[in-house]
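Look at the two complexes coming up: chain A is in both, with chain B in one and chain C in the other.
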Partner chain A sequence: MIQKFSFSIQNRNNITSLSIYLFLIVFTVILIYPFIWMALSSLKSSREIFLSPFSFPKKLRISNYFEAWKRCSFGVALRNSVLVSAGSVLPIVFFSSLAAYPIARMKFSGRVFILIFLIIGHMIPLQVVMIPLAIELKNLHLMNTLLGLILPLIAKGIPLTLIVLVGFFQDIPLEIEDAAKIDGCSEFGIFWKIILPLSKPALSATLIFQIMFTWNEFLLPLVVIRRRAVMTIPLAVQAFTGQDFVEWEYRFAALTLAIIPIVVAYFLFQRQFVRGLTFGALKE
Partner chain B sequence: MRSLNKIAKNLIPYFFLLPALGILVGINLFPIIWNVYFSFFDASLLRPTHKIFVGFNNYLEMIKDPVIRLCLRNTLIWTFGSASLQLLIGLTLALVLNQRLPGRGFLRGMALFSWIIPAAMAAIMWGWLLHGELGLINDVLMKLGLIHTRYVWLGDPVTAMISLIIVNVWRLSPLFMIVFLAALQSIPPVLYEAAKIDGASTWHSFRYLTLPLLKPTMGLIFVLGSIWTCNSIDIIYILTGGGPGNETQIFATYAYNQAFKSLRLGYPGAISILMIAFLTLLAVIYLILVKEEIK
Partner chain C sequence: MARVLIKDVSKRYGEVLAVKDMNLDVKDREFIVLVGPSGCGKSTTLRMIAGLEVITSGEIYIGDRLINDVPPKDRKVAMVFQEYALYPHMTAYDNIAFGLKVRHESRREIDKKVRRAAQMLELTELLDRKPALLSGGERQRVALCRAIVRNPDVFLFDEPLSNLDAKLRTQARNDLIKLHRRLGVTSIYVTHDQTEAMTMGDRVAVLSHGVIQQVGTPGELYDHPQNKHVAGFIGSPAMNFIECKLVKKDGKIWIDGKGFTVKVPDNYIPLIESFINKEIIFGIRPENVYIGRAPVSSNEENTIPAVVEMVEPLGTEVVVHLTSPDPGKHGFISLSGREALRLRRGERIKVIFDLSKMHAFEKDTEKAIM
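This part shows the complex of A and B:
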């Protein structure tokens, strides 16, 4: 009796764990296989891509990548993407931390109003203001320039970064500040010498998030940029792969090239990525 | 002198706020006000200064425009269809991965893969996967014997919308999973031990312990996911461009097309105002949820 009972439990456990594993394998395949297919196809010839979609390439055609790099002007796009991300992320984090400091730690009139304005600013996307923004940028002669991408990206990044930093700054004990005040430290001194160094984990997490968001932005360049010479990677690759006359192997190679930098960055900074999410990048 | 000092001291917070708020007012708030103003005019986007005042005509046109009705239907299906599936799949995955399994760390690491790459690039990749001749999806389904001829998934209104939602769910479900995992891990294990001592089954402790504790997270992520999806234009723009016909057009893509393809100024402005109203409604729900969370 006892034996039979324990057997049935074990049996049930086996079936559950088997189905759990099956479920996880299916999930992993659906998640990862498209990338494997893309990477393998990028090393094949057009004929192979169509005739044997699942197979490993007969000969690794690394030259596909050189050709795609050249024809897509990938080097220029890479440079533009780096400039745009760097040029927008640093101001985003600096301005946000400046603004987060009084919101988190001072009492002043209009504080609640500003917080609500920020949250709504975070919810309302760029595309609902796209038309006046395009006219505004045109009047400022910023269409087809990298600065025309950077300024709107700064505005786009500030609300979320600010909300996360406010949450973090609030958790720093006020006593630290009082001690500094007695020593005659100015408000900016407290911010610069005490609050910022203590907030390094939050700053690095928001920094990495914003690098990703600015790097991946597609709609804004689509509106602002028409010239090849100022395109960022997503737009340049979309423009290249969208042409009907381009051979498939080069399209696959260009798309793989577009994904490589962000994947490398992800593996290097994986801890910050996951931490940034659990920090309340989403919660607040 | 003392009062001057006091005024200067009261102004300090605003100095800190100035750069961030200045940019937000210039690039977010100012264009929104401008948008409201434009929505009462008719003009070409190429010559915005040559505009004619038309009163509420743009709004009246919206009521008559059959595409707007399609947009409303599609926006609702696209937004809430995606968000519900993401919630369901994300939660299931989180519950499975919350158990001690070998390879869990690896899976958790890989999970965010679909989210970190640019949505536009993921959309191009899926466009090829769904492609009639090239598409791997057709190959797989034919090998499984589910279909007999190659099918153009994005060519039919119904399968096009389903495909778009699948791509979006593929992209964001793992993100939902990570958020749920964090929430699950913040539940003290003591509670489960106590439930076990009281004789609760696995199902009961899930139904009466895990689920109620996850409810706030579920509400928040559902609203946030809806806002993200409602705003995201990349996937639809690249995969169908709103087509076939206008069958997968949502407000965001339609406003974009009206502005930058038809080069109109006032009408897409009016559509944007409608979108802002819809999003503000979602934002208010979000704020109420956040407030309860804080309490």
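This part shows the complex of A and C:
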């Protein structure tokens, strides 16, 4: 009797997990297919893309990549994108963690006000402040410079990172801090030697999100950058879009190249990243 | 090595007074236990000594030094926490060494101290493991090791054994006592477990509602509790309390429990005389309530009828829950030998009180009369 009962539970479990896996597989295909399609299209001719959009390329036109690289100065754009991403993401995480720690852990008046004030930044779309921002940057002589991109990106990235880190810091047991205090740590020592190393999952998660956001940023460079020498990748690939035509094969080739660094970054931080998403779900 | 002196210390959180005018003198090398139910202010007191809580009023001295405004790191105290509070990202070795590293001791010196302390607690094999890979008992030992390696003046323990299972707890208790004998460092130990308090403390302070009810050796607390709270808290199973009236009859003093009467031993009369015809609380420990064989001879002055309600075997001892058979109905407990196992629910029996071990408390103030 008991055995039979447990069998039926087993069966039901199997069916449930099977349907979950099916759902996940379908979902994964939906997510990944556009990338595969992009990569495949990047190896076709323009004519082939329109005639048979979903077929495999008849002939692998690797030359598309060389052409695309040359025509949009991809090397320069890649360097600029890396500089902008690194130059904004590292300060975002650094300043956010410095702000998040006192907000999460110390008692002082105005704490909630400061938190809300910083988070409000997340709610204002770039479009709303675009014109004043452009004027400001012009006055500061930052138009057409990478710094003119980096500074607004830092301001834009801090609110979300701050929310994540405040939440994470609050979950670290207070006793650990007490132990460090008695062990002789200063307030900054606790932050640097205990809190930050413990927050690696959250730091990696925010890091990878911000890399993605800044890497894909299009509107801000469109406003700030005119000169080819300081263009980032999203702007540079616009070279294949004219008023009346789009050179899809080169565009796809350039975009395929553009996602490689992101994929590399993701795999570098992936282990920590996944832990960050599930942290706190299980008691250690 | 140092004495810890707590002088008129209070701690207030907003409206709540967590600790009220506390005075406690912990002698050098003493192992003192603060015991009480949760929320009685014992942990707050410990955290004030550690410097993790600001002292609202009063003074705390370690040695001759007033430490009210000294930061935790300069107080020369070490603390073991309930959840151990190990640094999860560091190995056991680094956890133990952390306090020394922060103090910029030389690498060689640190290594020597860590290894010596680890050996004392049999942790040498586990030094390169991170806390997640250690069992509860091992984590507890790492936490202890982290405390002793600093060679502090005072050890503070905040319920360090409460996360261990019962068997391990007994073992850890003995280890801690041995360690204290070996190191001889003044120790203040907080627990809610009266057994821990009684077995470990040179002296025990019983706290309730932020006030020390009584400080004394375990024996003093057990034999001469100063009030009903201490009497009820110390000892397991807890002391029986029965509301009674004191009456005088034939030149003798009787405790009238509405349904039973027992006689107060003659040598207690001077202490209790002034309460004649008043309500009191009669107290007697379960181990002084006998069923069957008793060290005192049974007579009408100490024997009362009772009905068996429940029998709880504990192994060598048996807890028998009883009530008096009359309308007054007092429930009380006897701690008996294995022969009590034959008792059945509802059975009418006679129980004998060893009244030379009786206690009595004032009804309104709950202070001990004798």
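One rule holds in what follows: the second predicted complex is superposed on the first by the 196 of 284 C-alpha atoms of A that agree within 3 Å, B and C clash if a C-alpha of one lies under 4 Å from a C-alpha of the other, contacts with A are read in each partner's own complex, and residues count from 1 in each chain.
Heads up, the rule we're going with is that a contact is a pair of C-beta atoms (placed from the backbone, for glycine too) under 8 Å apart; a residue touches a chain by one contact, two chains touch by 3 or more.
Since the model is a prediction, treat every value here as computed from it, not as a measurement.
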item	value
Partner chain in contact with A:P197 - chain B first, chain C second, else both or neither	second
Which superposed partner A:I182 touches (first chain B, second chain C, both, neither)	second
Larger contact residue set on chain A - chain B or chain C	B
First (chain B), second (chain C), both or neither touched by A:V128	first
Chain B versus chain C as contact partner of A:G167, first or second or both or neither	neither
Shared chain A contacts, counted only where both chain B and chain C touch the same residue	284
Residue ranges of chain B touching chain A (in the complex, touch as defined)	10, 12-14, 16-17, 19-21, 23-24, 26-32, 34-35, 38, 45, 48, 93, 96-97, 99, 101, 103, 107-114, 116-121, 124-126, 128-129, 133-134, 136, 139, 170, 174-175, 178-179, 182, 220-221, 224, 227, 231, 233-234, 237-238, 252, 255-256, 259-260, 265, 268-269, 272, 275-276, 279-280, 282-283, 286-287, 290, 293
Of chain A, residues touching chain B in the complex	20, 23-24, 27-28, 30-32, 34-35, 37-38, 49-50, 53-54, 95-96, 98-99, 101-103, 106, 108, 114, 116-121, 123-125, 127-136, 151-152, 154-155, 158-159, 162, 187, 191, 212, 215-219, 222-223, 233-235, 237-238, 241, 248, 251-252, 255, 258-259, 262-263, 266, 270, 273-274, 277-278, 282-284
In the complex with chain C, residue positions of chain A that touch it	173, 175-176, 178-185, 189, 193-194, 197-198, 200, 284
Residue numbers on chain C that touch chain A, as the complex places them	47, 50-52, 72-73, 77-79, 81-83, 85-89, 98-99, 102-103, 132, 146, 150
